[in-house]
Structures are given as C-alpha cells and as structure tokens.
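A short write-up of the structure that comes next.
Which chain is which? They are A, B and C, in the order written, and residues in each are numbered from 1.
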Amino acid sequence: MARAVEELELGPRSEQWQPTDGRLLDVDDLFVEFRTRDGVARAINGVSFSLDEGDTLAILGESGSGKSVTAQAIMGIIDSPPGFITGGEIRYCGTDILTLSEEKRRAIRGPEISMIFQDALSALNPVFPVGWQIAEMFRIHRGTNKSDALDAAVTLMDRVSIPGARQRVKSFPHQFSGGMRQRIMIAVAIALDPAVLIADEPTTALDVTVQAQIMGLLKELQEERKMGLILITHDLGVVADVADRIALMYAGRIVERAGVFDLYRRPAHPYGEGLLESIPRLDQKGEELSAIKGLPPNLTRIPPGCPFNPRCRYAQDVCRVDPPPPLREVAPDRVAACHFAEDVLAGEAVRTDVR
Amino acid sequence: MGQYAIRRILQMIPVVLGTTFIIYASVFALGDPTVGRCGERACPPAYIAAFNAEYNLDKPLLVQYALYLGKLMHGDLGTSFYGNSVATELANRFPTTIKLAAIAVFFEAVIGIAAGIVAGVRKGRFIDSLVMVSTLVVISIPVFVIGTLAQLVFGIKLGWFPVTATQGTLWQLLMPGFVLAALSLAYVARLTRTSLVENLRADYVRTAKAKGLSRNRVIAVHTWRNSLIAVVTFIGLDIGGLMGGAVVTERIFNINGVGSYIFRSINQKDATAVVGAITVLVLIYLAVNLLVDLLYGVLDPRISHD
Amino acid sequence: MTDQQSSEKDVIARDVAEDSTTAGIEPGVEEVSIKGRSLASDAWIELKHNPLFWVSAVLIVFFVTMAIFPQLFTSTDPDYADLARAREVPSPAAWFGMDSQGYDVYARTIYGARASIMVGLGASVFVLIIGLVMGVISGFAAGWLDAVLSRFGEIFIAIPLLLGGILLLTIYPNRAGDPYLLIVGKIVFVISLLAWPRIMRIMRSSVIQVKPTEYVMAARALGATPLRLIKSHIMPNSIAPVIVVATIDLGAYIAVEATLSFLGIGLQPPAISWGLAISQASGLGSVRNAPHMLIFPSIALSLTVLSFILLGDAVRDALDPKLR
C-alpha cells in the first residue's frame, strides 16, 4: 500500500495556495437564496465557519437545512439562476474566491477543493468507464497524456482498495457495487491531492457495514494527506468517530458549533438536544425515544423570531418576537444561537411545551 | 456486447415473421388479391383460378404463407399489373429513393441536432423560444402541405430550386429532401433540446462541474453522449415515418423512386405492386431498427454490459 | 370534476412532488413544492398562466364546433358548384375564393373539419382503449404473457402508420359513393390497429414501475384486488403521460387522414375533407393559378393539428415539474 502512495507523486502544494497558520477555509457570513416562482427561498442566512489543515468539520442538519447548499457554494457549483450568493465571503487561503473569475475558480475545483457526492451511481457518468472518469482529472488539470493518466487512475483505484484495479479500470459504474462506486467517487475527488475535501452524505446510500469502511477510508486518506475535511451528514452516528468539530445547521443558519465530545455530552441548543434524543442509545433502555416535533420550516416563509421556535420545547415570547439570536460564546470554544443557551447547557431550561 | 447483439437479433425474428404474416394474411387470405386486376369490373372466374394457382391460394393458409416467405427470401415479389417483376421495378427505383432519404437524414441530423443544442444550452432565452416555436409550426404542417407550399414558394415564385426532380440529381433532390426531413428535423431539434436540458440537470453533470471542467467540456463530453442516445434512437425509428413521407414527397416533386411507384400503383389499383413495395419497406425498417438497437448498445454501456 | 378525480389527481401530485425532491439539488426549493401545494392545483395554475394552453383550447373548441355545426359558420352550400366561377380569387362574395370546380373554398374548408375531427377523436378513443387494456394486462401479467403481448405489439408498431394505412386501404379500397361513415370508420380502424402499441408501452412501463413500490405492495398485502389496484394506484400514476401522448398523437392521426385522402385512398369525392381539397389544389397547374385553393385548407388543417400538439405540450409542461 505504501508503495502505491509514493507512485501518486503527492508533490509539493501549489505555490499559489499556501495556508497561513494552517487555516484553509473561512466561510464568513454567507447568504444564498433561490429565486423561484413561489418566492425567494432563503437557503443560507449568514453562515460562518472555518477549516484548518487536517481538521474535520461535520455539518449536521435535516434535509433542507442548507448544509448541501453550503457545500455547493464553496465549490461554486450552485445553478444560477435560480441560486444566488447574495452576501458574505468564502476565503480559501486568505483569498475571497467568490470574487475570482470563473476560470480561476475552475482551477481550484479539483486540485484545491474537491467534493464527494451522496449517490455515486448517479454522480458518476454512466456512459464512460470509471478509469476514464478518474483519469479525466489528470488530463484536464495537468495535461497528462492518456496512458499515463490511466496508469495514475489504476494507482488511485488501488489506493482506495478496489480489488483488481487494473482489470476493472475499463468497467462502467453500473458494474460496481454501491461501496465500490463510492470508492471510485473518492478516487476522483482525491486524484489531484486537494487541500479541502467536502463529502456530502458520502455514506447515506450505503449499507451499514460498508458505511464504516468508507468512513474509515476517508479518515485514513485525510490523515495521510493532511486534508481539511468537511463532512456533511444528517447522521449523528457517522460523525462521532470521524469529526473533530460539529456545526449544527437549521433553516440556513448555524445554531451551534462545538467540539464533537462537548456537543455529544451536552448540547447548548435545543435543536441539538432534540437530535441527540432521537438516536437510540444502549445505555438508556426502556426510555421512550423522542423525535423532534414538527417539520423544518418552508424556506420561503421562515417564521419570525428564532426559526426553531415553533418546534422548540423551551420557546418563550422572546423567541417569537426578537430577531433570530446570533451565535455567541456560551463556553470555551463553543458557540450557540439560543436565548437560553446557558440554561440548556446546564440542563436548567424551562419547558414551555408541557402544561 | 456479442450476447446482446445475438439476443436482439433473435428477438427480431418473431417480429419479422409476425409482420410479414399480417401483411400476407390481410392481403391474400382476408382481402381480395385480385382487386383492380381486371379494371373496375370483377375478374372472370378463369382468371381468378389461374391467379390462385400462381399464388398457391388453393392451399392451407400456413402453407401459403410459408411458400410466400420462400418466394420473398428469393426476392420474388410477384408480378405487377403490367406483367413486370415488382422486385426489378423496385431495384431500379431504390437508388433515387435512398439518395432522397440520405439527404433527408443528413438535414435531419445536422440541422436538427444543432438547433436542439443551441436551444438547450440557452434554455429560456430568445433563441430557445425561436427554435421551440418554429419546430412546433413545422410539426403541425403535414408533409404534403409543406411540400406543395415549398414548391409554390421556392420553386415557382422565387425560382430558387427546381420545381420537380424528374431526373433525381442531387441538386434537384435538395428541396424535396429538405421537405421530407422537415417534420423529423423539428422532432430531432426538440428531442435534442429536451434530453440536453435533462442531462444538464443530472447528478453526474454536477460532478463534472465539481471536477473543475469547463462548461464547454461538460456539455460536449459529459452530456453529449447521453443526449445522443435518445436522438439516435429517434432517428432510427423515424425511418419508418420517412418512408411514408417519401411516398408523398416523391409524388409532389415527380421523383421516380419507390414512393412514386407505390403512389402510381395505388392509382392503378395494382395491389401486388403496392404490397410488394410496402413489404420491402417494412423489412428495411425492421433492419434499421435492429441496427439502431445495436448502436444503442454501443452508446449506452448499461444496455450491453450486463 | 368529481371527488374521485380530484383525489386521483392529488395522488399524482404527491408522487411527482416526491420524485422531484429526490432528483433536485436545491433543498430550499423542494421544500416549497412539497409543502406549498399539490401538483393538481399546481398544474392547473401553470396551465392557467400558459397562454398557449388557452390558444389551443379555444382553437380546439372552435374546430370541434365547426365539425358538429358547420351551418353556424357559413350559409353557403358546400356542394353547390358554379363552374363559371371556377378558380375565382378571394373576394367579399367568396372569402377564400372558388376552387377549380367552382365550389366555395370557404364553405368547403368549414365542412372539411368534420372528417378530420371524427378521425382524430375516433382513432384516439380506440387507441386508448386497446392500449390501456393491453398495457395493464401485459404489465401485471409479467412472464410469458407479457413477452407474448409485447412482441405482438412490436409486430404492429413495426409497420409505419402511413405505409400500413396505404397498404390496408389499397387492399380494401374506398370507392366513390361508399357511405361517408364507412370510409371514416375504415380509416379509424386502420389507425387504431397500427397505433395502439404506443399507449400500451407507456401503460406497461408505468405498471411495472408502480408495481414494486411500497404503497402498492402494502395495498396488495391488505388484499386489494387487481382491479382496485389499477383504479386507485396505477391509473393515477400513468394517466398523465398517456394523456399527453394521446393528445399529441391525435394531431398526428388527423394528419394521416389528410395524407391518405391526399394520396387518393382516404376519403373519396364527393366527401369533403381538407386532405382532398389540398390534393385537388396541389397539381402544378392549380398551385400556379389558384394558390388560394391550397392555402386556406392547409391553414385550417395545420391549425387543427397544431392545437392538439400545443394542448399536449402545455399539459406535459404543467405536469412535469422537472422541466420548469
């Protein structure tokens, strides 16, 4: 295995993109909206976070919370129209990439920031062999010739542990199992040794045993290459083993950001509390499993006040009237956007949903 | 791929048998094959007896059909009203019709696909609406109307093109070929646009963008092949429509091909000639369908690589 | 609209809305289409705002009225010929001019609608009935029966519509003086015979698509009869594409009738039809000297075909949220 890695010529990082103090990515007060016939859907409303070298950030939320849109905004692949980035900055190695020309951004996609999608069967092109699709990265970005690029593809397929890589390089996506397809997707994404890897629900479409293997592979690759990894998921179970930090998203906002263990031990936002209570736990037998009541809000009609208030068990008048609470520091190295964050954290918040 | 090809060919056999049987049965078993043989009057019994003997109509249906099939395989399509071999008549006329069809398919593929791509890439813009509206207009005008109008406007009023194409030269066949292509061209344009638009929304296109490919490469490489699958299938299946259109187009422009032979035979109430010609066209159509199926297998690995 | 229909439409609505959520990549937008409103009302709103829908609907009502009550549009007798006025150009006395035998082109264009509309509607009804029944049987049966029926359909679809029409109408020719309804019936029969597999294919594939879905399995497990499954689960899911294809094909059938009449094997004089009129006007001599004979029936024919295609297109656009 080690030899295969050497053959990949990891090479020095690009001169142009050098992180300062290990900081790779800064997302700063990002706003994204989709202008549809039904009105403007405010998908992202002031999201900020950062990512360091070798750091793993999990972005966690229900579908429609804006986590995938955040990833697509960083990649610069939001369809416009209907999608528009209406505010904020995305700084990669200190440069706001939103101001760059399309050509320069294209040069970042792949060699610098890369992405893995949820459903590898539809995310890989059905009519081209998998080796061709991996080799395309080398051919387009590095101008490698056909046979060298294909050799590199084989090496990569070896690296992501696809058995019989050389024989299967000319096979088509539909001829692989789900797990193998996701490995190929990963091979495409890491081909050019990117500094940032975004994985959008990389294991959602897979069996549980395969999920663990894929997460293990991602972790391994990340450590080997010191990549910054953004892991987008709705599955708390996936996050625990892999992530360093968690950002909880709700209705296009980050509502809590904390270290994985801090958050698991005690969430500071009622939404996080609800999420944690909704996973079955071995140590709490016999207790009723609770789900968060209600549905995420319609993004064209986000309720006034704190967007979570209609579903919140602690909601008071202030939550319905005041503007959405900003993220504020509630403990060392953790922020939450709740009027009663300290109380929630201390387990002393007053329930208002039971009379 | 080999297995796939063999399977498709095997599947084709019952269809060929069924189709020829239906044609045969409707003509010789159920219909009156001596229709029009004796002018407007019914044929004398002696003639009918001789005719029945020649075409084995005195034998059981399946035997008749088997004998007919045997003749068909030897290229014997019977004799026409004037005593000429239908097969020879067709063979003389096929080159012209093939030339006409080739011109039509060329226009259909080149202009149709180009218009479809332009519209699809600029979805929602002016050029898109222009393509969509003009193709809609073309689709709604039957080919014989387009033909006669083209003849009136470009042949007679403006004098840009020859009014008729009696000799069947390339220059003469240009306008008829375009007329014949018009309907299919419109469909090809719309189909290309639709599948391009659909494919541009596919997940793998998003992947292609995330791979840092240029928009041109995304369209030219990653959606082109996928969109082509539907279009190639359509063009193949549409050969059947072109054949029907050829009868009309050749009549309008006086082209001495298979179509006008069918038309003339209709007017002379020469059933043997009509049936022979149409049987051949249907068989060609089936063969083209088979080819398209095989091509489909080449273009879409999901079909052939199981 | 009855309650039953509206509830069926809601089922389509939900289903399509769900489809769009799995395919889309903009969560915020999907949100709207699921929870905003149902597809039935969505489609209707879409249709209401689509001017092409109104244009086509008005045209169809117009031509159907023309087919049923031609007297409303003209008081001129279409069967009255005045040879002295043959090929007269359009004038206030004869809006569309006179044809080569001195018939009034306007009156004959009005009366010509009947043949087209009858063939179009008639053929569509039969094609739908045969296609639906065969498709449902084939999709449900699976196995050998499905294979046999599918091949059977392929045999008919292998004969191009126009060629098949020419073939059958040459063998069973129409003669001048045959009753009008017999000739129209024959053309309807020929088209239906050759065109039904198109609808069958759509039905078959939507049955096969719907059959393994969870709600149908659930319904089956609860002991629903096949008939009930078809009515409440399969039809609502497949009816949309069937309607669209049937509407667009209706236009094509009208064109086929006109083409057969143009070739001289469809309707026979003295019957009145746009195809016949165009045929008579299309000789080189007529085109040169009396283009009005050609133009007016051509426009009427094309507008009729266009209106059905437009309607089908509009309905499809309204029902298919992915194309918006």
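Definition applied: a contact is a pair of C-beta atoms (placed from the backbone, for glycine too) under 8 Å apart; a residue touches a chain by one contact, two chains touch by 3 or more.
What you see is a predicted model; the values in this text were computed from it and never measured.
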item: Chain whose Cα centroid lies at the greatest distance from that of chain C; value: A
item: By number of C-beta contact pairs, the top two chains; value: B-C
item: Chain A and chain B: spacing of chain centres that average the CA atoms, whole Å; value: 52
item: Centre-of-Cα separation between chain C and chain A, whole angstrom; value: 50
item: Where chain B and chain C are represented by their mean Cα positions, the distance between them in whole Å; value: 22
item: Per-residue overlap in chain C, given as positions that touch at least 2 other chains; value: 25
item: Touching two or more other chains - residues of chain B; value: 203, 206
item: Junction residues of chain A - those touching two or more other chains; value: none
item: Chain C-touching residues of chain B, taken from the complex the two chains share; value: 11, 14-15, 18-19, 22-23, 26-27, 31-33, 35-36, 136-137, 139-145, 148-149, 151-152, 156, 163-164, 194, 197-198, 201, 203, 206, 240-241, 243-245, 247-248, 251-252, 262-263, 265-267, 269, 271, 274-275, 278, 281-282, 285-286, 289
item: For the chain B and chain A complex, residues of the former touching the latter; value: 202-204, 206-214, 217, 222, 225-226, 229, 299-302, 305
item: Partner chain B, residues of chain A touching it in the complex; value: 75, 77, 106-111, 114-115, 117, 119, 122-129, 136-137, 140-141, 171-172, 174-175, 185, 188
item: Chain B-facing residues of chain C, complex; value: 23, 25, 151-152, 154-156, 158-164, 166-168, 170-173, 251, 255, 258-259, 262-265, 278-279, 281-282, 284, 287-288, 291, 294-295, 298, 301-303, 305-306, 309-310, 313, 322-323
